[in-house]
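Next up: some structures, all given as structure tokens.
Each of the two complexes below includes subunit A, the first together with subunit B, the second together with subunit C.
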Partner chain A sequence: MEKLKDAFDFSDFSKAERICFYIFTVFLFVFPWLGVGSFVKTVMIQFMLFSLFGMGWNTIGGYGGQVELGKAQYVGIGAYTVALMMVWWKVPFWISMPVGVLIALGYSFIIGYPLFRLKGHYFAIATICTSLVLKDIFDNWNLVGAAKGIELPIHEHPDFLYMQFKSDTYYYYFIMALFYIAIFYMNWFRKSKLGFQLRMIKDDEDAAESLGIDIRWCKIKAYSIASAFVAVGGGFMTVYNLYIDPASVMELSLSIKIALMAMLGGAASMWGPIIGAAFLVPLDRFLGSWLGGHKGLSGIDFMIYAMLIMVVSAYQPRGIWGIIEQFRKKGK
Partner chain B sequence: MAFLEVKNLTKNFSGLVANNNVSFEIEKGEIVGLIGPNGAGKTTLFNCIVGYYRPNSGKIIFNGKDITGFKAYQTSREGIGRTFQIMKVTTGLTVLENVMVGAFSWTDKRDEARSYALDILEFLGLSDIKQYHINELPIARQRKVGLARTLATKPKLLMLDEVASGLNPTETEEMVGLLKILNAEKGMTIFLIEHIMEMVMSVSKKVLVLDSGIKIAEGPPEEIVKKPEVIKAYLGEKYAKGH
Partner chain C sequence: MLMFVIDALLQGILIGLLFALVALGLTIIFGVMDIVNFAHGEFLMLGMYAVYWTNYFLGIDPLLALPVSAILGILLGLASYYWLIRYLLRGPAIAQLFGTFGLMLFLQYLAMFLFSADYRMIDKGILVGKSYSIGPFIFDGTKLAAGLLSLLSFALVYYFLYKTKTGKALQATAINKEAATYMGIKTDRMNALAWALGGGTVGIAGGLLVNFYYTYPMVGILFVMIAFACVALGGFGSIKGVFFAGLLIGILVMIFPVFGQLIGSDFIGPHFKFTIVYLAYFIIVVVRPQGLFGWKN
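The block that comes next holds the complex of A and B.
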């Protein structure tokens, strides 16, 4: 009960923040009815999806301060579980998605246990490696479609059980529901014991340990929560795109984008990942469609991301949210 | 049975012996000082007891339980609280949140942790700075925050690593008063490393002297300062002969 109260209690935010949040909520609700084109709607769905990823990453990467660059493997696990269970056994989305989350959780414990023996840069590199290995396996594994990927059977009629709809609006509201569940969860998480302990670990590991915190176990727990988050998003990607391959759900660039969005918006803050996604998703779509048309320019978006990472970490490590807070402090 | 018992503890770092066959006992309710020149192995001894280092040989028994080789978070759960010589200057958690993390070691409820943390801050006279970050505080206050968050874990044995270094005489006196209250009213056993002789003399009933990793003396402070080997360790051969 108390946990629920914490999740819905935004009273410790400033009034301005709360008003922005309410207006934003209303805006999201009416957005599909504003007569926008399907492209804009797709961007909006992507925005909420990546906010979900970013919020998940924020548990371990933001509050826990661990540079985690391997979230794509859990997107892949979530996506593939949904796709394979649907293709092989016709299992509805509402069963396969939780199963995907459970598999992601289990896998994250197995991977997390040795991974968190490492610290700093070594940890970051190791997370990239585990993700790349899994992608390579799926790229060559014929049983799961290898590099060709999996196409989902398209149902003739809209089917709620399998999450197949004719209109994007349904997907829009579904991802919006997930997006808000994530927000409420994070609102609880940042006030929870684990949230406090992670922030202490980020501040000073030795001191954290002297206060009775089992550092490694705390990190593994946060890592698993983050993995569960992105696995949900992965499941959504499957039913939304009706087609997945390792290149779309397990690519390294996806991991980097997830981390970058949260870092750009402001790691270890409630709104950071959302702000970051609001900036980067449109930019990503724009760059993708603009540069994709020109031969030889398709890699430039990554150079722009790299530059963004450098600028953020040099100028304001706490991201856009850090800049906002700085201005607020000056105002006082 | 002693509260904390260290038996033949040896710790070396690839050949460099930091603690050599150190044994001592601390009774419940005592205040014990640990002194010695720079590099004598005082902090290493602390780290071995608390669990940051694993001793090469020897035994550590706390409260009737063998805690040799325990990790730092485990010894904390057994009831050993320690502070650090150097506080890491951080910008993440506020003072109140720091102390709350200490209280989270025995409770899962945020409100409970919060009210206990507020009590501790009140007790240490830190209530006015609870919303500050550690990097915004002068060193004396930083030390006290370190003490506060350790106290919040409800330790039975408090191990303080140079809690008075960098403090001015008034602040030192205040700290001495505080430790005496903790010892007398809360029944806390205190084991402290200290450089400032006046502080050790005024607060502790028993003093251990460490030199080059070896325990060279043990006893009441007024006797300890007269022992030639202690004077030698601190001031050099020449002064010891003069005595």
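The block that comes next holds the complex of A and C.
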């Protein structure tokens, strides 16, 4: 009960932050009824999906300070579990998604145990490696569709058991629900014991260890939480796209995007991943569709993206949220 | 069957010499500055394009165009050091990782923008398409040249690092930056030198690779992962280690499909030959983080 109260308690944020959050919530609720086009709606769904991913990454990457670049493998696990269970045994989404999360959790414990013997660069590259190994296996495994991927059987329009809809508005509210569950969870997480332990580990591992914190175990727990988050998002991706292949759910670029959005918005802050996604997803999609239409201009969107990353890492490693906090301190 | 294995071993050694040259720059930069350069593979990719276009427009033989890719690599290394890495050094480690990651993405899509995503292959050149038989084994001329020239370049860099005064200063910086500063070594210059060396060697590797491998904007990521595996196996920052690690990884890549044939498995085949490299990295760093000859912890 106490935990639940913590999750809904936003009182330690500043007044401006809380007002922004409430306005933003109302805005999200009425957004589909503002008469926007379907493309904009897709962008909003993508934004919330990537915020979900980013918040998950933020537990281990932000609060824990571990450079994790292999989240795509858990997106893939979540997505493939939902797809395969649906195709093979006609299992509804509401069962297959939790199963996917459980598999992701189990897998993350198995991988996490050796992985967290490593630190810094070694760790970052190792996470990429594990992700690439899994992608290569799925790329060549005929049982799961290999590189061709899996197509989901189409159900009739409002199917709440398998979560298949014709209209994007249904998906919009569905991902919005997941998005808010994630926000409330993160709000609890940052005040939880594990949250404080992780920040301590990030600041000074030796000091944390001398205080009796089991560093490796803490990191593994945070890593598993992050994996569960992205597995949920992966499950959503399956029912939303109705088609998955290793290239769309397990690609290295997905892992990088997840980490970059959280990092650009401001790692280890509550709003950072959301701000990052709000900034990069529209940039990505609009620039992509605008420039992709002009022949010979493809690639410029990613170049702008990459320059942003370089500038932010060189001048304000704490991201957009870091810039906002800087201004607030000056104002005082 | 034994012939198959020996053939795979020899091919593995040839490609391994090239892997070692690719990884050499990475390990020098890591040793001197403790920075992992994710954009290393993109330096290789641009080196490949440099030779490809010189060959395409000027008709110069790819092997004679090697200086072009070497110079391009050196310039790239210096430019990234002075325009990006110096600023990243002030930030935390996470920012350094993402910074070079950003550079990697930027160069990838710059190449995509300039040269399109097409796969390109060199079709004219003295050695292209030629093969030589030595005893019962047949070698592609391009691979033979790549292996031998890689060995030569590696030896030159090794000589430079261990026998010249500047090379020794570079090593001193790698061992202890502060002490090196007290001895009057300009560490900022040494950092730049490390990047120039790193870029130059990988540029040459790209120029050699282009003879027998497709050139496309995303080619870098595969080779940077291989290079990471070599660097990890050799021990981060170790020059001697990276040489033997390159050979081992090269042999591993070539022998793995043969192994699949031996046990008659369809699943273990050439499509997994790079997966085994990623797996190798993971196992090496977990089981033996200091690598074969590592001295940095």
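By definition in this document, the second predicted complex is superposed on the first by the 313 of 332 C-alpha atoms of A that agree within 3 Å, B and C clash if a C-alpha of one lies under 4 Å from a C-alpha of the other, contacts with A are read in each partner's own complex, and residues count from 1 in each chain.
To be clear about the criterion, a contact is a pair of C-beta atoms (placed from the backbone, for glycine too) under 8 Å apart; a residue touches a chain by one contact, two chains touch by 3 or more.
Since this is a predicted model, take the numbers as computed values, not measurements.
Touch criterion met: A:Asp204 reaches subunit B, while subunit C stays clear of it.
Once the two complexes are overlaid on the shared chain, A:Asp214 sits against subunit B while remaining clear of subunit C. In the superposition on chain A, A:Gly120 makes contact with subunit C only, while subunit B stays out of contact range.
Of the two partner chains, subunit C is the only one that A:Ile309 touches; subunit B does not reach it.
In the superposition on chain A, no contact is made by A:Ala177 with either subunit B or subunit C. With both complexes superposed, C is the one of subunit B and subunit C in contact with more subunit A residues.
Of the two partner chains, subunit B is the only one touched by A:Lys193; subunit C is not.
Shared-chain residue A:Leu102: touches no atom of subunit B or subunit C. Touching of subunit A by both subunit B and subunit C, each in its own complex, is seen for no residue at all. Only residues 50, 52, 71-73, 76-77, 81-82, 84, 88, 90, 92-93, 97-98, 100-102, 104-105, 108-110, 113, 146, 149-150, 152-153 of subunit B touch subunit A when the two sit together in their complex. On the side of subunit A, the complex with subunit B involves touching residues 2, 6, 191-193, 196-197, 199-200, 202-204, 206-215, 268. Subunit C makes touch with subunit A in their complex at residues 30, 36, 84, 87-88, 91-99, 101-106, 108-110, 112-113, 221, 225, 228, 232, 236, 267, 271-272, 274-275, 278-279, 281-282, 285-286, 289.
Contact residues on subunit A toward subunit C in their complex (touch as defined above): 65, 67, 114-115, 117-118, 120-122, 124-126, 128-130, 132-133, 136-137, 139-140, 252, 256, 259-260, 263, 267, 297-300, 302-303, 305-310, 312-315, 317.
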